[in-house]
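Naming follows writing order (A, B, C and D), and every chain is counted from residue 1.
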């Protein structure tokens, strides 16, 4: 008898991928698949201990509050969370102190690890830049992940008392040096055939450290969601970010 | 007035590189340069607070004991330390509880970070392999660093309860799968033009994490040695491995 | 009205991918989809000018002879062709001098280009090694492509009068140096999440050239097949290898 | 008795590296080393068959004309050649039809091959971008090599009738997409520890081709210069670009 799991957003592409993951995992049991129009109650969740929620930003907060209200631990992959929405989740959780909720902007383990490692490495190098590479259908540049990575690197450098990176560039008429995010240069490549990739490069005199994450398809979210499903009950209250559940 | 530093092994290539590093650093002062034939005493160390020792395995233990005996904190880059030799250093340090000693097999920050990150990442992936690339004058394969990295990965997997990695290989007549170190495959490339490089690749369904370190020349040791020089006095007793001084 | 195209092996995964490619291309028209049990005749090929054949080694020769016999130009992706089988195709083509046939072991343009470029570069470097990386379900190591690449590099070096590559390795107890194919070292990595990848590295004093090809899925065959479909009629007789149709 | 070689610009860093290369090559003999203030005549060139010239843009034309006038074959690495200056060299060579002159913007074989291969590959891919990485003391971005590479890719695409690359970018407030050179995006990374590196990435549905060149130090120019020294006498008249002497 495995742990009982519900899927919210079961008709979406992520929901279907998550259902496939639950089904393929020996010690998990898929007990409910809900989507738009379905009520989220203790009854419809059908005995689930954990509910995996991948829906849309406008729906996610209400879903998560309903899941908590039903006494179930949510694991949430929907993006777009504001500080206000997170505060409402924490308030709701305060009424059920035995429950945990995990909300994370990214469940791909390699992406989570890359960002964490980049943050740790940042203070030890003179130079650091971020190159993100995505499929050409992406409408924004740079990616949200690259932006966050750059900000974390900048913050770690500031905390360590590092000054500006060395850069003698005098002429760059066409903007080849890319985006300057808080002093960290970020470059966005768009290439047919690619999915979602990020490379963070660090340099000192005589040495380079490279951390790269490649996400080839949405299957890559499953191991991270599985980790959250297994851990959420051991972490009462709100956990924001998968790295908080990892031993890094 | 900066911190006073002595170099032991001052005529060697590493010793010269270290002397250049000390001289180029504003808050350090080079007060002694000793080599074979020179006595190591409080007098010859000339007021140094820290002594950087890069010599030969057969000489290093005696040098380090003499440095401690003279009341100076050693930072040691000579390789080949046995458990017995380390134990003697600890014994000597016990007589001078205010002193610290740092002994590390590798002072290149990117190499130290790569190994630490690889160890942390290992438990989160189905697959992991190590590729090391060096100049073709290297006589042993794989490199000691790659061997250690593979063993750390294997150990982290065991501790996390992971089984063998997936590998359907049935025919490999020429040994293309490389060395199997504790279940972790290690590949050694030898290429004119290269110095010392290591790439660790991790894979899950749909995603890959790559950690790579490139050492282009021995200059790359200086930032790590500098970190040890600055920290050694704050860490009484023996510290083995630069990662122990880093916030990782 | 576009060029009429038939698919042989239409129920296989490659056949389906090819049918999708034809359908998505404005100036091509899909007129026949045949599989095991269907006769291959002028009638069943239904006016096709070109027949794309992706089946099994034991069936491909008979299919190709039937396609030629029906007066249609074959583009063949089935692997496993022997010199004898190729000779039979040439013989059959001699009876229809207006027809062309393209048979190629690989239609991924990046793989074809990587091999061609590697062959051209080989004579200009002291060192060259091949690293291939595949999913862990692959049963043979190294990959056929890596084997062929290594042999081509070895041949180009011989023709240019180059001797053995520099390699001072004395101890390699676990075989980390990988397979030695005609003097070229080949390394096979197996990693969950990967598909089919090959990296060829070349080195001289002070410089490195890297050529890498990544195949993420079988979609990657379509641009090469399309090129062959468009060119096959302009190349009477047998063309073996896609590179022969390219301007390299 | 080997081929006699002179060095012009013998006191410069490149001149010294070239002299070291000549001395280390069995079938070459170093017979003259000239620099600023030395006359370049048949007498001072001392019987040389080939003169290697690495000086400054303002001096190079006069040097090369004097070398030709003295009946010696020049191999020139100084950059900054204008069409007018090249035309003067051709005029001078017309008076000595038995002589050849090689002038090349880059003698690193890996860089020359990377650019040539990129040009050949360009027409076969939907997407192509260029990433160049250099030490942070470089004052201009992007590098001249990256600029030339991008222009060659753009030209090859135009000749093959390819349209614009796919790119759905709508918002890029900080310029992360880098320089748009003739429709080809170019990204410039500046990192402590690096020397001169260029990566050209090509993409189609399901596949990627990467060509990368790493120049670790000026030693890397020697194999290309050696090739030119050996071939210059077999190529009467002006040869611009090392690729013209290579079998590509």
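In the analysis below, a residue touches a chain if its C-beta (ideal position, glycine included) is under 8 Å from a C-beta of that chain, and two chains touch if they have at least 3 such contacts.
Here the structure is a predicted model, which is why all the values come from computation and not from measurement.
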Query: Measuring centre to centre with C-alpha atoms, which chain is farthest from chain D?
result: A
Chain pair showing more contacts of the two, B-D and C-D: C-D
Field: Whole-Å gap separating chain C and chain D, where each centre is the average of the chain's CA atoms
entry: 34
Message: Averaging over Cα atoms per chain, report the distance between chain B and chain C in Å.
response: 45
Message: Roughly how far is chain B from chain D, centre to centre by C-alpha average, rounded to an integer in Å?
response: 39
Message: Could you pull out the residues of chain A that touch at least 2 other chains?
response: 125, 193, 202, 204-208, 214, 216, 220
Task: Would you tell me which residues of chain A are touching chain B in their complex?
output: 108-111, 113-114, 117, 120-121, 123-125, 202, 204-223, 227, 246-248
Statement: The residues of chain B that touch chain C in their complex are 125-127, 129, 131-133, 136-142, 146, 165-172, 174-181, 185-194, 201-208
- line: chain D partner, complex, touching residues on chain B are 193, 195, 214, 216, 220
